[in-house]
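First the structure, in the form of structure tokens, and then the observations on it.
A, B, C and D are the chain letters, set down in written order, and residue numbers restart from 1 in every chain.
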Amino acid sequence: MAERYPQGMHGAVAAGLTTLLGDGVQVRTATQQQPEHGLTTEVLDQTDVLTWWGHATHAGVDDAVVDRVHERVLGGMGLLVLHSGHFSKIFRRLMGTTCSLAWRNSADTELVWNVSPAHPITQGVPQPIVIDEQEMYGEFFDIPEPDELVFLSTFTGGEVFRSGCCWRRGKGKVFYFSPGDQDYPVYYHPDIQRVLANAVVWAAPTPAADFLPPSVDNQPAPRFSGSLLGRGGSR
Amino acid sequence: MAERYPQGMHGAVAAGLTTLLGDGVQVRTATQQQPEHGLTTEVLDQTDVLTWWGHATHAGVDDAVVDRVHERVLGGMGLLVLHSGHFSKIFRRLMGTTCSLAWRNSADTELVWNVSPAHPITQGVPQPIVIDEQEMYGEFFDIPEPDELVFLSTFTGGEVFRSGCCWRRGKGKVFYFSPGDQDYPVYYHPDIQRVLANAVVWAAPTPAADFLPPSVDNQPAPRFSGSLLGRGGSR
Amino acid sequence: MAERYPQGMHGAVAAGLTTLLGDGVQVRTATQQQPEHGLTTEVLDQTDVLTWWGHATHAGVDDAVVDRVHERVLGGMGLLVLHSGHFSKIFRRLMGTTCSLAWRNSADTELVWNVSPAHPITQGVPQPIVIDEQEMYGEFFDIPEPDELVFLSTFTGGEVFRSGCCWRRGKGKVFYFSPGDQDYPVYYHPDIQRVLANAVVWAAPTPAADFLPPSVDNQPAPRFSGSLLGRGGSR
Amino acid sequence: MAERYPQGMHGAVAAGLTTLLGDGVQVRTATQQQPEHGLTTEVLDQTDVLTWWGHATHAGVDDAVVDRVHERVLGGMGLLVLHSGHFSKIFRRLMGTTCSLAWRNSADTELVWNVSPAHPITQGVPQPIVIDEQEMYGEFFDIPEPDELVFLSTFTGGEVFRSGCCWRRGKGKVFYFSPGDQDYPVYYHPDIQRVLANAVVWAAPTPAADFLPPSVDNQPAPRFSGSLLGRGGSR
């Protein structure tokens, strides 16, 4: 992996976003080894969209950091969950399911098919995107039905996967995208970089976002006054 | 086709339903050549679930019959649309889109993957269903996002298709299922027959169905009386 | 109505969009009385988003114009359907259902509640929007389940209505919004004007839109060949 | 509450189900005060559908029991979450959101409107259901968009609430239904009892349910081999 991703996988993802979005974004990276995994309150307070990749060490992620990220997503921060991040604590917390799937690492070719042609995430990429070598992720993928299904992937082995899925949670947007693995140089693939850049723009919070998660509201007075149950309608 | 389906395709579909559902159903068939395509008011009045297969002669279907079937579906009758029925007048009317797709007839193997494991339509079949030879139907399939996506198909050529899709329309249920073609004996495949039998049961109307489509209701009186806009709530 | 809407209802809608969106849009109007209802091929070819209001004379709309608008929507044009436009030919064609509803014209107060707080259409308006007097539209509203439900309305009489609904159809986006009636000055209400302006921005086509509806694609060759990546399909 | 619900709220819910479903079900109750809240592994192993009501003491529910219920739901057990159960640990875990809402306890009349007329949960009740006195629950209700929205409630005060919502999670079904409060005798209301009985039937697992949550599946071999059907995967 060090050979394939000399700047790390986070470095490759960040480089793609910087190239494609230019001055429109400020890109920073954080790694699990940093204090609070680099996701301090100060950092999150300045973050509009967070990308999350992780693999073997999900269990080592601090629950307090997961709480903080969860709260920020529900308050309006966008979240992109990448590949093996399907098993991250934050993704499973947002989905409420096991997020389990089928897999096989045998250098299958992956084709990524666009099933939502006018969706902002699918703009500017061919039908299908071709990834020469990639780990296979297959169904059944245990997720809530996506609010918008945008990509479906097939593999040389005959498998299928819902590889690009959107959800709204609280005031935030979540996009899961499966292409990308430490064993293959997928994050240097120009079409994959385009999808990630599109998704960052799509997931950005509204300009008026206050980043407070929804909360209980004890409404002191009714909107209508003097209401009684009347004669009723037509039946 | 006469060799492959000596009783016609409608005969093969009917035989599978009769075998699997037994005394639970009364199965009748109708063909385009019959007066009113066999779908007279009397026949529809006795029909709980209608299956629809058609291929080259969609344009020859009488609009008055389509109106009648449409009204019956919105009133509660279930509808199963099969394979090339995606281009039928009734399906396009219910969907509101072109219902176009990609295709290739080169005897691909089709794998039908279950992405909704607890859905009644997917019970009793293996993961995946294997169809040795079949026409390829691929994305982009121009349909409204299904209310429930239950099957995804892959083909030897690498293509993918949303092959099992559910919608609710009015008081009725609609299921589209793509496996099945006049060039291949797919309707004799036991797993395909099982899916169709499951779908008939799923699409059946509620016991209290009146088969009247929803209609305008001029409600003569409010439910609440004496309502005025009061002080309003907490903001 | 001439007194309430001296520029016509189309004039009021257009004025609100012009005020709020400024140089970002070019606003034109068309009326049923014009040749081809003002919706010639030339006009539609220059239209990114179309708003549609109609009331008593839906049946008088030319089917050829409806075909043209339908095709343009499936090709990427946005469509806003307003109030009694629920019974327009174009809306019923896109929905596939009766689009019927309950109603009563007794000057109820309507409250429009935001149930999708981060949706671009709901930005910049209070919770709820208060409309002092309005015709009541109530459930059951016979529509396909919205892809995104953004507003729910209540009325002094106790009724409820799914008053703001989004669908994707083909490459286009459709928004139905019920507030607005010829008997009440709702289209001068600043919050309603804000919703309409937001919806125009939301429904705008992607920059790369070609406005061709999806079509059949006979793919000449498989993507995979010998379980290796082959020559690929038609593009 | 002891006066209003002499058998407890669980007793009232159980009595309604027993009356309406008869020999079709075996009804048992469990309370928070029991060891493991009455939800031991043995009990859950015999449970097809669980109803959950709770109010002030959600925080006192043991996480190990929540884990167990969560796993059982993902494995196929149905779950009905009632009223203030929106803040239960199990519901928030399954939703991934705050599940917060607006409320006011001022004996509003609640009208429960059916927006899915053919749904099994809405059969046999009037349009609308009228509840003379009830706590108000209002929007914004912070939940994932329901897979099926079946009831909307309005209140004398003018508020609205998505009061009947269905989700599929893993192999299980979840129904949230808001009517019902310790301060009002709502669980004796015959229409509310009918909805709960319908929902129990709807949420029941498939006959073949194994109650194992979805899990990772390392597929040893591709389905396709040399673009021909190979040995297939792990099953």
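Convention: a contact is a pair of C-beta atoms (placed from the backbone, for glycine too) under 8 Å apart; a residue touches a chain by one contact, two chains touch by 3 or more.
Only a predicted model underlies this, so the values are computations on that prediction, with no experimental measurement involved.
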*Can you tell me the least number of steps between subunit A and subunit C, where a step is a move to a chain it touches?*
1
*If we define chain centres by averaging CA atoms, which chain lands farthest from subunit B? Would you check?*
A
*asked:* Can you check whether subunit B and subunit D touch via the same residue numbers (shared by over half) or via different ones?
replied: same
*asked:* Suppose each chain is reduced to the average of its Cα coordinates; what separation in Å results between subunit A and subunit D?
replied: 28
*How many angstrom lie between the CA centroids of subunit A and subunit B, rounded to a whole number?*
33
_By the touch rule stated above, which residues of subunit D touch at least two different other chains?_
102, 109, 111, 117, 127-128, 130, 138, 140, 145, 147-148, 156-159, 168, 170, 214, 222-224, 227, 229
*Think of each chain as a node with edges to the chains it touches; is that a line, ring, star, complete or other?*
complete
*Using the touch rule from the top, collect the residues of subunit D that touch subunit A in their complex.*
74, 93-98, 100-104, 106, 108-109, 126-127, 130, 132, 136, 138, 140, 142, 144-145, 147, 155-159, 167-170, 213-224, 229-230, 233
_Contacting residues of subunit A [partner subunit B, same complex]_ = 109, 111, 113-115, 117, 127-128, 138-141, 145, 148-149, 152-154, 156, 158-160, 162, 217-234
*Would you pull the subunit C residues touching subunit A in the complex into a rising list?*
76, 102, 109, 111, 116-120, 123-124, 128, 130, 147-148, 156-159, 168, 170-173, 205-209, 214, 223-224, 227-229, 232, 235
